[in-house]
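To keep things simple, chains are lettered A, B and C as they appear, and every chain counts its residues starting from 1.
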Amino acid sequence: MIVRVNVTVNGEQCQADDVWPGESLLYLLRERLGLPGAKNACEQGECGSCTVYLDGVLVCACLVAAGQAQGRQVRTVEGLADGAELDPVQQAFVETGAVQCGFCTPGLVVAAHDLLNRVDRPTDPEIREALAGNLCRCTGYEKILEAVRLAASRRNPGGRPGEAAEGESR
Amino acid sequence: MTNPSNPSNPSRTRDTALSAPARVPTELTTSVPGGVGSSPHRPDAALKVRGEFAFASDLWHEDMVWGVTLRSPHPHALIRSIDITDALTVPGVRAVLTHTDVPGTNRYGLERPDQPVLAEDVVRYQGEPVALVAADHPETARRAMRRIAVDYQVLDPVVDAEAVVAGAAPLLHPGGNIVRHQPIRRGDPDATAPVVVRGTYRVGMQDQAFLGPESGLAVPAPDGGVDLYVATQWLHVDQRQVAIALGLPVDRVRLTLSGVGGAFGGREDLSMQVHACLLALYTGRPVKMVYNRQESFYGHVHRHPATLRYEHGADRDGRLVYVRAEIFLDGGAYASSTPAVVANAATLGVGPYEVPNVAVDCWGVYTNNPPCGAMRGFGAVQAAFAYESQMDRLAEAVGVGPVEIRLRNAMRRGSTLPTGQVVDSAAPVAELLRRVAAKPLPPPVDPAEVDLRQLPGGVANTTHGEGVVRGVGYGVGIKNICFSEGFDDFSTARVRVEAVGGEVAATVHTAACEVGQGLVTVLQQIVRTELGVRRVSVLPMDTSIGDAGSTSASRQTYMTGGAVRAASHAVRDRLLAMAAAELGATATDLVLAGGAVLSTRDGAAVDLAALLGADAVERTAEWRHRATEAVDPVTGQGNAHVQYGFAAHRAVVDVDTELGLVRVVELACAQDVGRAMNPQAVLGQIQGGSAQGLGLAVMEEIQISAGRIRNPSFTDYLIPTVLDMPPMRIDVLELADEHAPYGLRGVGEPPTISSTPAIVAAIRAATGLALTRVPVRPEHITGT
Amino acid sequence: MNPFEYRRATDVAEAVAAVAERPDAVFLGGGTNLVDHLKLGVTRPGRLVDITRLPLDRVEPLPGGGVRVGANVRNSDLAAEPVIRSRYPVLAQALLSGASGQLRNLATTGGNLLQRTRCVYFQDITTPCNKRMPGSGCAALDGYTRHHAVLGASPQCVAVHPSDMAVALAALDAVVRTHGPAGQRAIPLVEFHRLPGAQPERDTVLDHGELITAVDLPAVPATRRSAYRKVRDRASYAFALVSVAAEVELRDGEISQARIAFGGLAHKPWRAQRAEQVLRGAPATAATFQRAAEAELVGAQPLADNAFKVPLARNTLVSVLTELTELTGATEPTQEDTP
């Protein structure tokens, strides 16, 4: 059985034909809609690298059947920047060295983006809990925490300061 | 997207008629100012945060089909027959291939060609590739794959490495089951000492667990060859092995590095490279292969599990008199890099200590367990867990602290290793230990104040601070940097300078694999420093230029950095000669700076862009480190290594002894990097490496039973999350190694080595338990 | 993955009929478990009936003080519900200790109850498994059993139930409401999941085509304290080695009411009635808690690799009870009576 899926991705109406219903939203995005930003590290909901917004809620795209996305709104990492202007979360990842191999980066950027939409100035434990569904194998997470702190301070400069940084470097 | 075959660059022109893929690696043109010693942003960072960086699994070609691999479900079996007729009937299937379709030599291997591309009459591990399918949709290919009928005669698997050494196992390979035995003999074999400590230690099988799965795209070429876009660690060694298997001349197999989602040793061996090329040549279509996570666990080698028996003898002050050790490394079904791992575990087996009398024997053997090979730390990790555990036992036996015992035995510049090699550059082992020991300790947990997420058990509401005990432990390690044992270790780089739009711009081209560590940034920095040029682009890495060696052994900044520096110097010399003619000066009075050539004598200047006009200056350099030599097969003596890296850790842990839960509260690390080429990237390596060591200490192990992997998923093979990794305090020392470019010392591996023993030592300090095996699990703390 | 048909249901009766009419049809909820199993080939349905758009996504008060949780309420939404956080903390804690934020945003209340085991042999389609393929045998018995059951297992199956939420619901005496081809029924949660016996392929007592529509939580008195604790191999995002859901009420230093359930020990959330019997009417002391744990775990039958679960379960129970009774014990005995 083959289906057609209409889905709004990053504000654009998209249509995919000949979708086999066993395909995931992740496959739909990556292989049919030309949006490989969401990554395929485990395809079992165990790593968070395929994190996207589905109707504004953070999900693992690999576990959403393509048919379930019918008529819904998806926002991927490709939809965060405003043209040439990176989102503050993206910019902070670049500046702090939170990107190494970068395979976890899109998922972490989206997850951090979601956190900062919900919490102005998260504490370190709040950041850690919010990002616990995203595995990273390169960075040891330290610079990812730095990036989220930096992005939070820029997005909400007048906000309540989070807890003092946990560690120090150099 | 930029086409990789950039016609404006003659060094990269190709005669491929099939269009290059639509989504491929691009030239990295983002160039933030910053030379050696600064921390400019990565040239690929913006692409990566936007999700636009082309990883190997993102590649796409209009005509492409999908390839999948049928793997053996048995760790050891004879293949009686393979029937593909049913699979061929599935609509959409383009090809079904078995070993009889391998046109060249059906063998490959990093050090020994002992591994078939596709199994012939025997399978030696669970997951061994048996057949390939290409189809229009990946799901179609998988369905067809399930319709291949393989008739196996199941055999008992050989699973015990020590039994293999004892000779109690059937022959798995024609040359015997011992891949390598390396003895190290130094001093008096019968030395005695008043204080003796003994221990047997075990290290579980760790996985690299890189996030980007094995993947690539093979595009058939009109010349009968193939272009392979792939995530790997060493393009040229892949190229050679693929060409042999395909029966093609090397120049008909062209590789381009696509985005690599981490490597850590797991991409040194071939995975899908030959398979995708075979399918591409048989179907005449571009073939994409992407492993899923389960297949990835079967599709790459792992860290050797080890059993290590140690005896340390010391005087009453704790000064080492002798070390004797037997190290058993389970190499699994194929050799991979086991011989080199054996050499490391043996030659570095006593750690960064002065030991006058040494007798170490290290064996790497064949079994029917999953093949093991390279992983960050490469033999030094297993040894360090044992020798550091022994040092703590020794400290206890002589009644001194863990730092003091290490200080009393620490090697230094001028020390002699058990191989007889004299350490001829900085070896600040004592300084590193003093630094981590001097750092303030984190405050104790106040159960009334603390966030539960900072206690053992994390968000599971597990511990409220009751029954939690704190422990502090130390570890220090040694790692050889670059290839050892006489290997002809070199790298190749091409640097080109030209005027683009009135601005001088440099381009650097190598085959050195960027796997995430930030080599592309460092290469830009080197060119900026050497040529005084601001704009530096990095071309995609490929085999159209000479070999760069592997991205492993913490060697690429040293080796390809050295090659880029050498090529830059050649370019510089040409530019200065051009400027000398222009200015009527002598080249020795001229320097490059700020996009111009300046005279140090009279201040005269000529703008580089003007000097170049429409011309380009391009130079290629091949660069080698000092020669090393093989160690003696009987005594282990020889100048095997070119450089050493050292790191020390202090770990602070809280342990819930009732529930067996460990929270690493803080890791302190001190490491000598010779020269911090990019301080931010250096910290990233130390933090990431420490996290992998933490994983081995408390959670990571591939569970093998009867030769089968029991946890091939990220649900069952656990790596640290952001809640498991503590904050770090880091000291970076820069004691220049006068033999190395810029004085630098390889950074990537040392922090992975010492964090594991430090954490386990801290758990021992908290609990009083012996804990002789990693990973330490809750049941090891609570007892059963 | 085998070919299958995908249908999106718009009302409960249609959904039930669509599954009931085909033996190989299944309901698709949040997908966090089923989509994974489709990829692995663990499950090969001929039809998926997507129920995520059914109007079963509300949390509503029940007459008498209970709460009805719609089957499609997401785990993250349920954990954030003020009424759940204040009156059923054991449930909120259990939900938040499970999986990751991204998965809790997808996972539904009904789907969570139907999670299938994480037994590695069940997941590995190349090995025998009576749950996946009835009659094929159990590879775990001679295999790697660290994560397997110590209570209530059978020679056919030693798998454990993976849910955290269901353990809390077992301790809460929740009731599962269903709508099936034969009509509607209410099933106490402690009877909803099965022990494996000779039919390990059946995780629950549901009939084919029977749809979970809601879970009812009974009213709890304000004096009742509850908590969930989970022991696992890392700080988050891992299944339980052992977990404990506990509800207690204290009166004059004595335990007047106790409801305990274990996770990670059995094929179903394990309601610890023997432990509860020991606790009721006994002084809230460490010795009592130890006796309660021993009473429940005396019948444990560990396998080769999981004997550690028994002392771990004991220690976890003792630590949860200590926490709950210290909290309540610190205050004066309340004047409200237990209903």
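The rule is simple: contacts are C-beta pairs under 8 Å (C-beta built on N, C-alpha and C of every residue); 3 or more make two chains touch, one makes a residue touch a chain.
Since we're looking at a predicted model, the values are computed, not measured.
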item	value
Most central chain, Cα average position	B
Among all chain pairs, the one with the most C-beta contacts	A-B
Where subunit B and subunit C are represented by their mean Cα positions, the distance between them in whole Å	42
Whole-Å gap separating subunit A and subunit C, where each centre is the average of the chain's CA atoms	30
Interface hub residues of subunit C, defined as touching at least two other chains	1, 39, 235-237
For subunit A, residues that touch 2 or more chains besides their own	20, 22, 43-44, 46, 129, 132-134
Numbers and ranges of subunit B residues touching at least 2 other chains	139, 292, 453, 458-459, 713, 715, 720-721, 723
Of all residues in subunit C, those that touch subunit B in their complex	1-2, 39-40, 93, 96-97, 118, 120, 123, 126, 143-144, 146, 227-239, 241, 243, 307-308, 311-312, 315-316, 318-319, 322-323
Residue numbers on subunit A that touch subunit C, as the complex places them	1, 3, 20-22, 24, 43-46, 48, 51, 57-60, 62-65, 67-68, 70, 111, 129-130, 132-134
Touching residues (chain side subunit A, partner subunit B) in the complex	20, 22-23, 30-31, 34-44, 46-47, 49, 76-78, 80-81, 86, 90-91, 93-97, 99-106, 109, 123, 125, 127-129, 131-145, 165-170
Contact set on subunit B toward subunit C in their complex	73, 139, 142-143, 292, 294, 453, 457-464, 466-467, 658-661, 663, 698-699, 703, 705-706, 710-711, 713, 715-716, 718, 720-721, 723-724, 777-779, 782-784
Of all residues in subunit B, those that touch subunit A in their complex	23, 39, 41-42, 44-46, 48-55, 57-58, 60, 137, 139, 208-213, 259-264, 290, 292-293, 451, 453-454, 458-459, 515-518, 666, 679-681, 683-684, 686-692, 713-715, 719-723, 725-732
